[in-house]
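Both complexes below contain chain A, partnered by chain B and then by chain C.
What follows is the complex of A and B.
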């Protein structure tokens, strides 16, 4: 082999170990799951002993009302929490984007919930929602109001509130960062042009923050579709199927109903869904880059 | 009737006072240039007039109306920023019409105004481009267009040309001067570039460390600088300063320094009589030294040529007179060699005399 071609191969040689690890750690489990989703597979069997059933796992979840219910809960949960978190997070960022004494401490306090392990968050909220011992009902009682059985009467709402509590800070810090990197002089120009504080937000700040907000929203959406621990700890998906999000359904299908093939098919479905959002996010970034490139070309052409 | 008046205008950041009780009056439709080195308070002054910085004490009057507590939009101003400050997400037309759209003006009026201003600035082909799709000079024009559509009584410019490259800056400076002929409005212009100040201004206000040093027409400031700072700041190459002692021998007065001794004429003697001490600073512009090998030693300075900077028809000689650095302007064809000692006649009518202690001009 000539030196030149050897030189050309060198980088790949160095990359090879990483590529092998990637293939083993990432592609193998994924392939395993995809393969398993086409088989009637009991946890007592090895994958090799299971029988091939074609698309029947997919067909069965397609017609399964429980899966539909679970899907609906997941969609409702994900879009509600992300929508409200965006509203509160961006709103807080707009309010707190100013120089005040003690602001850095306040900001740190705001992002604390995000740093707590989800299981712990679930436990905290479960106790706060407790029918007799929880802080909510004790407060209601002390002002003479009827107590509410949060986790059985308003289960979905309760888990939604807990998730909002935990994840609003994520949107808050990213929005705040976006706000603080806005061109200050453009904001000053808008003041001179006669914009009120509200008009500045609507016409200047929000449009300029939009790229960050879109990516943040999609990131949160992807995350919300995979939520598990908080709900598992708080309601275990109940009462009935009212809070059984997809991840929980998958785990129950695998462990309780012992249908690994069906669980794999569901996982694949979730994967495709998330892939869709991820691709949307990446292509949005691509589109932004493309626009910037086009703008630069336009200028260069004229010079 | 003065249009804009600053009365004891002061700016403090905590205990640090950066602007010390400025007093300034600007006439109707006057082009006022605030000029000075960075940190002199010129931008702060402009931003206080605009309402982007709060006023610590003192007052700003626009048409006799105290405005220092008013929001920017209540002051009827338009402003052009150093970094253009365009709205990145709006196209050129939207950028220029933002203020009018906020005022909910009729659509027809807005369109006509955009048309008129974009024709004036040569932007008609670019109305639907975003700022990112424009070159620096075009962005600068859009920024000016945005100010022009406003129909404000006062225009503020905060170093509008300093982000442009040298060639474009000269071109835009000329365009600005022409624009100024057409738009008769109050204009306040901040720059650190003394050439911009000299070429554009009706009135120059030289600022230094939070004080106004001098104000007047470009010619007044160039010919009769009030102090050493203004003398050294305006004019390129800058004025030469020489530590000098007034000496007397018989009836004759001399300006005597390290390596030169100039015989004073009657007028100069009279001027020197105002000096507060025998020790003064002599200021001579590089253009007021004339290459003349036949001049008598009593009216000339001998300079050893250290460096010659060729800039075309003229060259700037950097010379040395007994350890003091001097600059001289010279026609480029003058045959000189580095290391040579040349004699330059001093035009006594054009010299500047400053007090050594107060640095104020004398006579």
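What follows is the complex of A and C.
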């Protein structure tokens, strides 16, 4: 082969492995799933051997009270978790946004909970919630209070607390980064005008941080729908269906009930839901960029 | 700003900071401490640090790869050692392959101007959106039934003759099956983050190398690659972490011999009688690599994390 044609081929050669793998292991499976959701599909069959059943998988999850329950749990979990994490995370960022010695050490320690395996997070919390061995009940007992059976009486709450522990630092770090990149001139000007600390936060810092906060919140929301391992280890979805979020329901439908078609239909549903949030986030980003562009044009015209 | 930095902070402020640190790190420290306790000590609740430390839990967990006989154990039931080897192989191989493939793709995207950064960041986000639970069904079906080599074909027959086993040769149950899906899951993010580093490599440098007679591959490996090491480090940490920690897809795709550590932990947790000491020891072993990365490269991790959110 001549050097010239080799040069012309280079970009394709460089891109080919990535393209092949993405197509084979990501796009094809997703298409396969959409196709499979219209079929009565058993794990022992290949998809070709299964029978076409039209929309019946979708109809069955539409009428399934367990699916509704698990959908309700998922929504409750995701929105509660993101709401509380945003409040605490942004609050802490506002509180700790000062010149602190050892801030980088602090940040390092804070990201530890999200770096370790979700399975391990579940393990730690299951131990801490243990009715007799756990830290919480031992502390309650030592101050003379009744012990609480966390994982059976307050399962959803316990799972929510664990998730807040794990993911609040994410929001804290992102909002701290946003805070520290705010234009100092605006803060300076407000201080000269005599704004108090609170007024600065409410009228200047929060509105200026808003774009980052909204994107962060949506990212967290998308991730909250993906949580599975922590809950699996802590409660296995129980007691009853009280903590069986959608991701767990999908994996149980596929592995325990062996109804791959129904599981595929549920997966599709979850995917569409997340697609909706993602598109919302992307269009919000676009809109922000557009607004910034327009503002810049206006300023240029004034000049 | 200057005024507030000069004056020392209120003591209550430091109290809050200390409390936050305890809350963040405490549970993890608790696991570390308990992993060195006898089960008797965990159950009786000798609180605090007053206990006889022991490495017995670690010995029990790793009984199948320790070179010496263990006195307190007559039968090695857990076999975590093999699972650690599997986890290590899968995480390392998928990290290396993702980096190599992702690096080449990112380079092509930047230098030959195929797609804009918008397309790549859009794809990254879309893939980030897909939960592993959604991939579970199709990947399980495909890896078991479609991505197979028939045993009557030449290659399939060769594999069956050398490695034994029955039926067609399929991806499911092999290390490569799990590695393949991890590479696919991580590629978009790796390409996206490496792109931002490659953009900064001056073009003149590459042209100079080409003048000296280097081919495109030499330019890439000898000139570009050494310059983007920090980006490679960040990408490597993120990829390794996902491959090392992932449970769901690995549990669907592995068989008896290719189980990873998270799978064994989940299996042992769902038994009625949890042996807390041993399970905590395995938890610690699973947590150590990510913790080490965090302590040594927290700056890169935070950069990767903030970049992912702040810039779509």
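Just so it is clear, the second predicted complex is superposed on the first by the 274 of 303 C-alpha atoms of A that agree within 3 Å, B and C clash if a C-alpha of one lies under 4 Å from a C-alpha of the other, contacts with A are read in each partner's own complex, and residues count from 1 in each chain.
We adopt the following convention: contacts are C-beta pairs under 8 Å (C-beta built on N, C-alpha and C of every residue); 3 or more make two chains touch, one makes a residue touch a chain.
Only a predicted model underlies this, so the values are computations on that prediction, with no experimental measurement involved.
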{"item": "Three-chain arrangement built on chain A, chain B and chain C clash or fit", "value": "fit"}
{"item": "Which superposed partner A:204 touches (first chain B, second chain C, both, neither)", "value": "first"}
{"item": "Which of chain B and chain C A:87 touches, first, second, both or neither", "value": "neither"}
{"item": "First (chain B), second (chain C), both or neither touched by A:72", "value": "neither"}
{"item": "Touching partner for A:55 - first (chain B), second (chain C), both, neither", "value": "neither"}
{"item": "Per-residue contact with chain A, leading partner among chain C and chain B", "value": "C"}
{"item": "Contacts of A:145 with chain B and chain C, given as first, second, both or neither", "value": "neither"}
{"item": "Partner chain(s) touched by A:194 [first = chain B, second = chain C, both, neither]", "value": "first"}
{"item": "Touched partner set for A:299, first chain B, second chain C, both or neither", "value": "first"}
{"item": "Partner chain in contact with A:107 - chain B first, chain C second, else both or neither", "value": "second"}
{"item": "Shortest CA-CA distance in Å separating chain B from chain C in the superposed model", "value": "5"}
{"item": "Residues on chain A lying within both footprints (that of chain B and that of chain C)", "value": "none"}
{"item": "Chain C residues touching chain A - in the complex, by the definition given at the top", "value": "1, 4-5, 9, 13, 16-17, 20-21, 23-25, 27-28, 30-31, 34, 42-43, 45, 47, 101-102, 104-105, 107-109, 111-112, 114, 122, 125-142, 144-146, 180-181, 183-185, 187-188, 191, 215-216, 220, 241, 244-245, 247-248, 252, 262, 265-266, 269-270, 276, 279-280, 283, 286-287, 290-291, 293-295, 298-299, 301-302, 305-306, 308-310, 312"}
{"item": "For the chain B and chain A complex, residues of the former touching the latter", "value": "50-52, 71-73, 77-79, 81-89, 98-99, 102-103, 129-130, 132-135, 146, 150"}
{"item": "Chain B-touching residues of chain A, taken from the complex the two chains share", "value": "183, 185-186, 188-195, 199, 203-204, 207-208, 210, 291-292, 294-296, 298-299, 302-303"}
{"item": "Chain C-touching residues of chain A, taken from the complex the two chains share", "value": "3, 6-7, 10-12, 14-15, 17-19, 21-22, 24-26, 28-30, 32-33, 36, 41, 43, 45-47, 92, 95-96, 98-100, 104, 106-113, 115-120, 122-128, 133, 135, 138, 165, 169-170, 173-174, 177-178, 184, 212, 215-216, 219, 222, 225-226, 228-229, 232-233, 236, 246-248, 250-251, 254-255, 260, 263-264, 267, 270-271, 274-275, 277-278, 281-282, 285"}
